[in-house]
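Dropping the structures in below, format is structure tokens.
In what follows, subunit A forms one complex with subunit B and a second complex with subunit C.
What follows is the complex of A and B.
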């Protein structure tokens, strides 16, 4: 449903292209994890998906991006926002109103939906994310994790087919990060296509159905995280593999290919000899 | 020193629940406008006393006695200056007193309005008064970002100070110059935040439709009608006090 065809993009004022000849197809129901260091082109790739590039950012673009068969150059960001919802890194910079329910209503008001439907959708997303208690709270008083959940809720309320998140946990504590990862896993199970850019793989690798690694504006690896992370060479172009993978290698349970802590424990219990040498 | 946290306090959206705060924002605004207009109808002392007394029910309904007291205390110096200047120019104690009471009743009207109306309601009110969305939205966004930028300022100050930067040193002019290393990062951060905010607005389809719908709807309750009628009566009585009875105008030099 999302198709990037041979895209090269260079931001205005920059010499090197941020993305070079990238092609990628994303299907409905996937959980795609995009790994890569800062400056590798992750965010640029995400901005292509909802039309922020080329509509909001100036630069030179080759190739094309199709959302449900529509070229992003032909549609406005507002039109695309109904299909692709984008959640940014810093929750503070994307919350625009003073109260949680109003924040979720904001995008829906922009779409001109009737009030009854807005209320219905607010109820729905608050319940889905388990944050009903925040409904009437002031957005300024929320914790970082709560703010990010509200940001996700406000994007989800617009009922996009795909939700795209740009390093959603980089400003959060480990506990809130885990909560975000869990929420995204649940959403994906309910049929929402999820795309997450992260360099911390521990939380998202176990949930992803596919993973790509970007380096210097090119896709350098692609595959299921289980295969990718246990392939012969450790180097992922600077991306640190999850601790579970390191431990699995250390204790010699590589053949079980665990990604989550639980899987690692099961693999160890199965009587694989622990080699501490 | 700056007290950014104190500034944050003002912009909490949870206004205390009082009979006044539950009113329709438009009612509150009409009341506010009436009580600003009332003392301006005439300069007579009687008029000013009337407009003060007429506000007593609102003070009680909004439970804003403390805020009123605080506002008056804060403007005490201003009031004294006003009395002195008026007396020096008109040599009429009565007129000076009337001018002070006029100011006081306007201060009270504003204090009541500000305690009982949340910033979000003011934003909605502006929309209702047909002010373009770009302007009302800028107002709400400014309020939204005050606590965020206040946090940024605290962060910049603490990080500069912890690297040995002495903020409060030297003469007044030097102190002002010493603010530059606080201001420059502040401006850069604000611009960056603004850019990301614009991106977020794009993705939330801001400005997508001509007719934006509205999630928050304010209703008119019985209280609203009673107070609107009250405002109308006050204005009518005020006009009578101000214009129909010249013998009551306790202002000799007008004739």
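What follows is the complex of A and C.
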């Protein structure tokens, strides 16, 4: 349903392309994790998916991007955003209104939803993310993590078919991060396509059905996270396996290939028992 | 030394105190980690250290903050900025220069460094964070992680005696996290005080701070060496945190 066809993109004023010859197909219901060094092109790739590139970012683009068969150049960002919801890397760039409930209502009003439904959706999403207490707060006076949660909430409330998140947990504490990972996992199970760019692989690798690694604007690795993260060569591209993988190596339980802490603990329990018997 | 002495602070218009009777001392030659869940008051605490509170943020403050014996209320933020450099959590909206190079030169100029020293210091700072190659670019055209490192360079170039950094690892990959660790350790070695707020306990553990403070609801719940703090899994968990995985695994293996 999302198709990137041989796209090369160079930002205006920049000498090197930020993406080179990228082709990628993302099917309905996938949970795609995107990893790569800072500056490798993750955000640029995400900006292609909802048409921010080429509609808002100037530059030179080759190839094309299809969303449900429609070339993003032929659709407006407003149209695309109904299908593909993007949570920006920096919440400050996303938040446009002065109060949290207004912020979440903003996108919903643009969808033309009736008032009761808007209120219902606001209630639901605030509850889901555990931020009911922020409802009437001023968006300018939130802490960094609170702001990030509000930015995520405002995209979730629109219930797009595809939800794209650019480093969504960078400012979240462990419980909120885990909550976001869980919410995204649940949405994915209900059929929503989820695409996440993250440096923190520990949280999303266990949920992802596919992972790609970007390096210098190119997709250099692709596969199931369990495959990729247990291969030694992943660090060639600056991607460090999550702690669980390192600990699995340290304690010699790599055959189990745990990605989640829970899986590691199960593997260790078994491993430890075997050691002692 | 920076002394935070019994500080309680409530932002104007807010019904709750963002900090409650916080007292702590920060010395030169040490790295301090400040951790706590979202909204626990970490950024607020950093804003005290260079006088942004109470000079820029309105609210009600009790107690006092002394930077080398000077009450922050009696000094201007400009004066304090020579001693205490603060890197914001989300610095993007602070950028105003045409190029990365100019952005990093601004601070040193404003504190009256001489031109030769400014050149050296800006080059050094940009190299430290790996942005020298991008010096002609516009700050706005950087990736998220690059912007964060730019904001760190902006403060490094001013050579403050205390460096307070709010969430340095936001947007950073494993390589840049490692180089940030090196920068902070070198500064400690040079006798500077480094104060770091972070959610990234794995990284903080590897960095090896001298003291860790745990904040919750604006209160310093506990303080101590990293091993002492991180191995108290129950205390961290009840305060909304998860210790670095190796401590969890260690405790599981001990229990066996």
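Definition applied: the second predicted complex is superposed on the first by the 248 of 277 C-alpha atoms of A that agree within 3 Å, B and C clash if a C-alpha of one lies under 4 Å from a C-alpha of the other, contacts with A are read in each partner's own complex, and residues count from 1 in each chain.
As a working rule, a contact is a pair of C-beta atoms (placed from the backbone, for glycine too) under 8 Å apart; a residue touches a chain by one contact, two chains touch by 3 or more.
Please read all numbers here as calculations on a predicted model, not as lab measurements.
Chemist: State whether subunit B and subunit C clash or fit side by side on subunit A once the two structures are superposed.
Modeler: Superposition check on subunit A flags a clash between subunit B and subunit C.
Chemist: Go through the superposed model and pick first if A:167 touches only subunit B, second if only subunit C, both, or neither.
Modeler: second
Chemist: Using the superposition on chain A described above, determine whether A:106 touches subunit B (first), subunit C (second), both, or neither.
Modeler: first
Chemist: Does the superposition put A:114 against subunit B (first), subunit C (second), both, or neither?
Modeler: Touch partner of A:114: subunit B, not subunit C.
Chemist: Name the contact category of A:92: first (subunit B only), second (subunit C only), both, or neither.
Modeler: both
Chemist: So, does A:59 touch the first partner subunit B, the second partner subunit C, both, or neither?
Modeler: Touch partners of A:59: none, neither subunit B nor subunit C.
Chemist: Just checking: does A:240 make contact with subunit B only, subunit C only, both, or neither of them? Give me first, second, both or neither.
Modeler: second
Chemist: First (subunit B), second (subunit C), both or neither: which does A:11 touch?
Modeler: Once the two structures are laid over each other on A, A:11 reaches subunit C alone.
Chemist: Is A:139 contacted by the first partner subunit B, the second partner subunit C, both or neither?
Modeler: In the superposed model, A:139 contacts subunit B only, not subunit C.
Chemist: Mind checking 75-83, 129-137, 183-191 or 201-209? I need the stretch of subunit B that runs into subunit C in the superposition.
Modeler: Of the candidate stretches of subunit B, subunit C runs into 183-191.
Chemist: Overlap the subunit B and subunit C contact sets on subunit A and report the shared residues.
Modeler: Subunit A residues touching both partners: 90, 92-93, 138, 141.
Chemist: For the complex, which residues does subunit C have touching subunit A?
Modeler: 11, 13-14, 36-39, 43, 89-90, 92-93, 137-138, 141-147, 149, 166-167, 170-176, 199, 202, 240-242, 244-246, 248-249, 252-253, 256
Chemist: Please name which positions on subunit A make contact with subunit B in the complex.
Modeler: On the subunit A side, the touching residues are 50, 52, 55-56, 76-79, 81-82, 85-86, 88, 90, 92-99, 101-102, 105-115, 118-119, 122, 138-141, 154-155, 158.
Chemist: For subunit A, which residues count as touching subunit C in their complex?
Modeler: Against subunit C, subunit A makes touches at 11, 13-14, 36-39, 43, 89-93, 138, 141, 143-147, 149, 166-167, 170-177, 199, 238-240, 243-244, 247, 251, 261, 264-265, 268-269, 272.
Chemist: Tell me, which parts of subunit B touch subunit A in their complex?
Modeler: 8, 11-14, 118-120, 140-141, 143-144, 147-148, 193, 196-209, 211-217
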